[in-house]
Amino acid sequence: MKFFEKLMKIDRRIIYLILALVVIVPFLRPFMIHPKAMPPVENLYNYIDSIPPDKALVISVDYTPDTEPELQPMTIALLRHAFARRIKVGVLTLGVLGLGLAENALTQVANEFNQRATTREDSIIYGRDYVFWGWQTPALTVILGMGERISRVFSVDYYGNKTETLPMMQKIKNYNNVGIVVSVSASATPLWYITYGQTSFGIKVGIASTAVQAADMYPYLNSGQATGLLSGMKGGAEYEELVQTRLGITGRRRATEAMAAQTSAHFTIIAFIIIGNIGFFALRRRKK
Amino acid sequence: MSGEPWIWISAILTLAIFSFLYKENPFYRFGEHLFVGVANGYSITFMWHRILVPALINPVAHGQKLWLILVAFIGALYFTRFIPKISWMVRIPIALVMGYSSGAYIPRGIDAGIIEQTRATVVTRASFINWQSGIWAILILIGVVATVSYFFFSSERKGPLKPLSYIGIVFIMLGFGASFGYSVMARISLFIGRIQFLLRDWLGIIH
Amino acid sequence: MKRRIPLLIVFVFGVLGAIPFLIPHRIIQDADNEFRSSVLRIIVAFSLVLGVGSIIRHHYEKIRRKRENWQYSYVTLISLVISAIIGLFGGIEANGILPTRFVFPFTNYTFRFDIQTLYTNIMVPLGATMFSLLAFFMTSAAYRAFRARNIEATILLFSAFVVMLAAVPLVSSIFPKLSFFSEWILTVPNTAAKRGLGFGIALGSMATSLKIILGIERGWLGGTG
Amino acid sequence: MAISPPTYVRAWDNPNDAGGAIRISWHLSADDSIIDGYEILRLAEGEKEYQPIGFIGKGRNCYTDDETKDGLRYQYRVSAVKDTIRSYSEPSNFAQSSAQWFNTDRINVLIFTAIFIFLILWFITQAKRGTRLFVRRIAGLAAVEEAVGRATEMGKPILYVPGLSTVDDVATIAGLNILGEVAKKTAQYDTKLIVPNRDPIVYTVAREVVKEAYTQVGRPDAFNPDSVYFVTDSQFAFAAAVDGIMTRENPATNFFMGYFWAESLIMAETGASTGAIQIAGTDAVMQLPFFITACDYTLIGEELYAASAYLSREPLLLGALKGQDFGKAIIIGVLLLTTLLALLLNLPVLNLF
């Protein structure tokens, strides 16, 4: 009797302590849980995988430092995928706060590849394999303008080079030379790409969003306007898994690591619900 | 470990809030009172530099939109609250805001909240691209009808309304449970964000 | 007069608010934009003074009467005044007349204390941490409330349970069907319930707005009836 | 290499707008699949040369020029573009833009609005004539009296949060109405009432509402002006302050009535930990799951609006409630009827909306 009553009335501070521990420990001692990719994630992966050599992947870094834990791993995984498959990459941001995040991701992933590279052919070279166009405003002009001529929207890149002079930009002129635009976003920017870029130019749009935003994005996935959706930490972890298992690309997997914390937290909550109900049913039976 | 004083301040304030989970304490109380003070200071700054200066003071100082002085006068009527005899005049600016927002809501609310939603709920032959999506569309229609009937206030729940409103509450509870479960992941992510700040930016334990 | 004038204003501006939705003509649209972008914002900005006056008086009273925890009221009052001075005179872009940085002599370390720095390093961590308390509160709320007491509570518990389980990669790879079921709950019953609630809310809001414009709903005047 | 031009370019005034826009359409170039897209060129009356005004992707056959001057005549050409090659269409007809005084696209909104306004006004008039209107019992409301009584017995205060939104939000209005009823009870029982606010205008109104309630039950002296106050307009600073109040003042009952965002559970769960009875009501659909789990009673969505009518028993408010019920019945009827028509007869019912 006493035992079951205790099960029903665990002090909230014990609950908080356990939750804090199960979230913190995986960061100190990372362990990997290998997630299975859901269809929306796999669709995006497959579509990017099939981008022909004469087209580019465009990543729009549309988040700010406060959603970095959730979204930066996605940008990194997308870059690893593209570099591994030798797909040209163009990166831009619609918000000025995204600049630093985008540059961090590009430098990190380019370094990862270049440390392994032995020849110039193997290396990832700025201007040949990827370009960081930087930031321009207003967003609408950027999204529509890239349909006509990307080098006119971004006449100089983030580092001040004339965009037209970069080797990659000789082939990548407008949306016709872009396989897909993936908007990594904590806001509604993917929908801007759909409403303006897709309606006017038929560009394919992929969405990588926070878990909270994802609920608003599902209708566009179901209607086929969005090609694939990565949602939250879980979506990022699934993409990282695909990149590692299918391409053999290794490297720090921050979403997967955080997923370990997520997983243990979810299990903890579920366990507490079960414990509460065990106590509840046991007591009810006694009373009868 | 970080050498930047602001990181230390942020970290200490973060811990002050977390300490509330154990119990209310002076540390939390300090953080809470500081938060309220700085938030008000920030709001004052924002209202002045981002609203009053660009929308009122600049145009008027340049001799444009002089009618804005009248608007400022209406806004200033809020202060009549401190003068008992004419304190009723505080209702004038409130009435203006209330009236405009209410009026603006009516047609937009009908459009977005009723007409658009009705269109989305009606099942047509186009809903049956495959049998599954057709059945789901019909189920959504049933769910909507049942949920709406849960909120009939002017009659007792008898006759067909009784089972219908019961189905309604079943749908509502399924939906609420799902929303709850779905937000868990996002909220844990927020906590992970704070932990990463403490362990990485402040203590430098993880990279 | 104390009631009639406000009620007349509510009616007139109510009609003015509704019109631009139906009349696309530029004269109307431009006037409406001006009203939204300057008139409403200016009026709302003035109201903040009332609020700040209230919080200052609340804490002043607390200190004056030495009510419990009165010492903390100093924290609020002092931080309010300091941050307002820094913000008003230091400027949002730290370009005001008040200097907002301090260079330590003999080092090249600069300490900034402009309003954006205060925002990023005081308000953001405090706000983000308050927000993240939800992770804990969701756990304790779920533990306490998700018990199969009756059928409604059981349904709530069941669907929350399914969606939470499906969010765990380990589980969804062992039981792929569970993920589809979770997605089904989110897209079918969840959509139906939200939409059904939405109809009632839209109608209720419309009715209340109408009652306000017509002067039937007078609660906002302060006082009832 | 030559590419064939788009053909049959037409231009006309963009309907239902404030003027300043012309729509242009064309038939696709025969080489649509290989081109970059279409460039749209414009010749304004009195000018000599066509100016490029826009560009749109291949496979698309219309464009809106939204930078025209009303009353001026324009002519358009469209060219198919591939790299530097351009292939121009014949010029279009002349067109000029103008502003419309009524948006015909929104006539359905006007009709729906008229029907609902009529319904509500009709029942309000009925109520004025003295027709008795029935309102069923709402579970959470019965608890209000009990909750106030409990606080009195325990000698503890009552906390009332009228939401975090502004005064023009319907949920806030309902929250303030219920506050009036609660305040009448606290005045009668001489129970301490605490009303923290996040919006300065809501604060002003809430203060008047409470003061009026105390006057109405004949206890104006018992009204403490410091019981209703503004805290901050920052969402989480407000939540932090309310959490502080709940743990320090230890209210016996917490009311959360109005519109809420993510702070809902931060407040409600802290309240639950202090052992207070909690009654919530909101039309914020996203927050309802949290109130339902953490509070003892929750008014769901429309129940919040109905509550103020129910508590005040004001016939005009009850009349409007009846009108709303009819509105809901009409919506259900329209949904079922149009679905039947669409499925059985395959009528294009979606054009109605």
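Every chain is named by a letter (A, B, C and D) in the order it is written, and numbering of its residues begins at 1.
Everything below uses one rule, namely that a contact is a pair of C-beta atoms (placed from the backbone, for glycine too) under 8 Å apart; a residue touches a chain by one contact, two chains touch by 3 or more.
Given the structure is predicted, the values throughout are model-derived calculations rather than measurements.
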item	value
Pair of chains with maximal C-beta contact number	B-C
Farthest chain relative to subunit B (centres taken as mean CA coordinates)	A
Nearest-to-centre chain - CA centroid comparison	B
Chain centre separation in whole Å, for subunit C relative to subunit A (CA means)	28
Centre-to-centre distance between subunit D and subunit B (centres being mean Cα positions), rounded to whole Å	11
Chain centre separation in whole Å, for subunit C relative to subunit B (CA means)	5
Interface hub residues of subunit A, defined as touching at least two other chains	12, 16, 23, 66, 215, 234, 262, 265-266, 269
In subunit B, residues with contacts to at least two other chains	17, 20-21, 29, 31-32, 35-36, 38-40, 42-43, 78, 81, 94, 97-98, 101-102, 105-107, 110-111, 114, 121, 141, 144-145, 148, 151, 172, 176-177, 179-180, 182-185, 188, 191, 193
Per-residue multi-chain contacts in subunit D, two or more chains	106, 109-110, 113, 116, 167, 201, 204-205, 231-234, 236-237, 240, 248, 273, 288-290, 292-293, 300-302, 306, 321, 324, 328, 331
Subunit C-touching residues of subunit B, taken from the complex the two chains share	5-7, 9-11, 13-14, 17-18, 20-21, 29-52, 55-56, 65, 68, 71-72, 74-76, 78-79, 81-82, 88, 91-114, 117, 120-121, 136, 139-148, 150-151, 168-185, 187-188, 190-191, 193-194, 197
Subunit A partner contacts - residues on subunit D that touch it in the complex	36-37, 55-60, 273
Interfacial residue positions of subunit B with respect to subunit D in the complex	17, 20, 23-24, 28-29, 31-32, 35-36, 38-40, 42-43, 78, 81, 90, 94, 97-98, 101-102, 105-107, 110-111, 114-116, 118-119, 121-125, 141, 144-145, 148-149, 151-157, 172, 176-177, 179-180, 183
Interface residues, subunit A side, partner subunit C - complex	10, 12, 15-16, 19-20, 23, 33-36, 38, 66, 215, 218, 222, 234, 237-238, 259, 262-263, 265-270, 272-273, 275-277, 280-281
Subunit A to subunit B touching residues, read off their complex	13, 16, 23-24, 27-28, 66, 69-70, 210-212, 215, 232-234, 258, 261-262, 265-266, 269
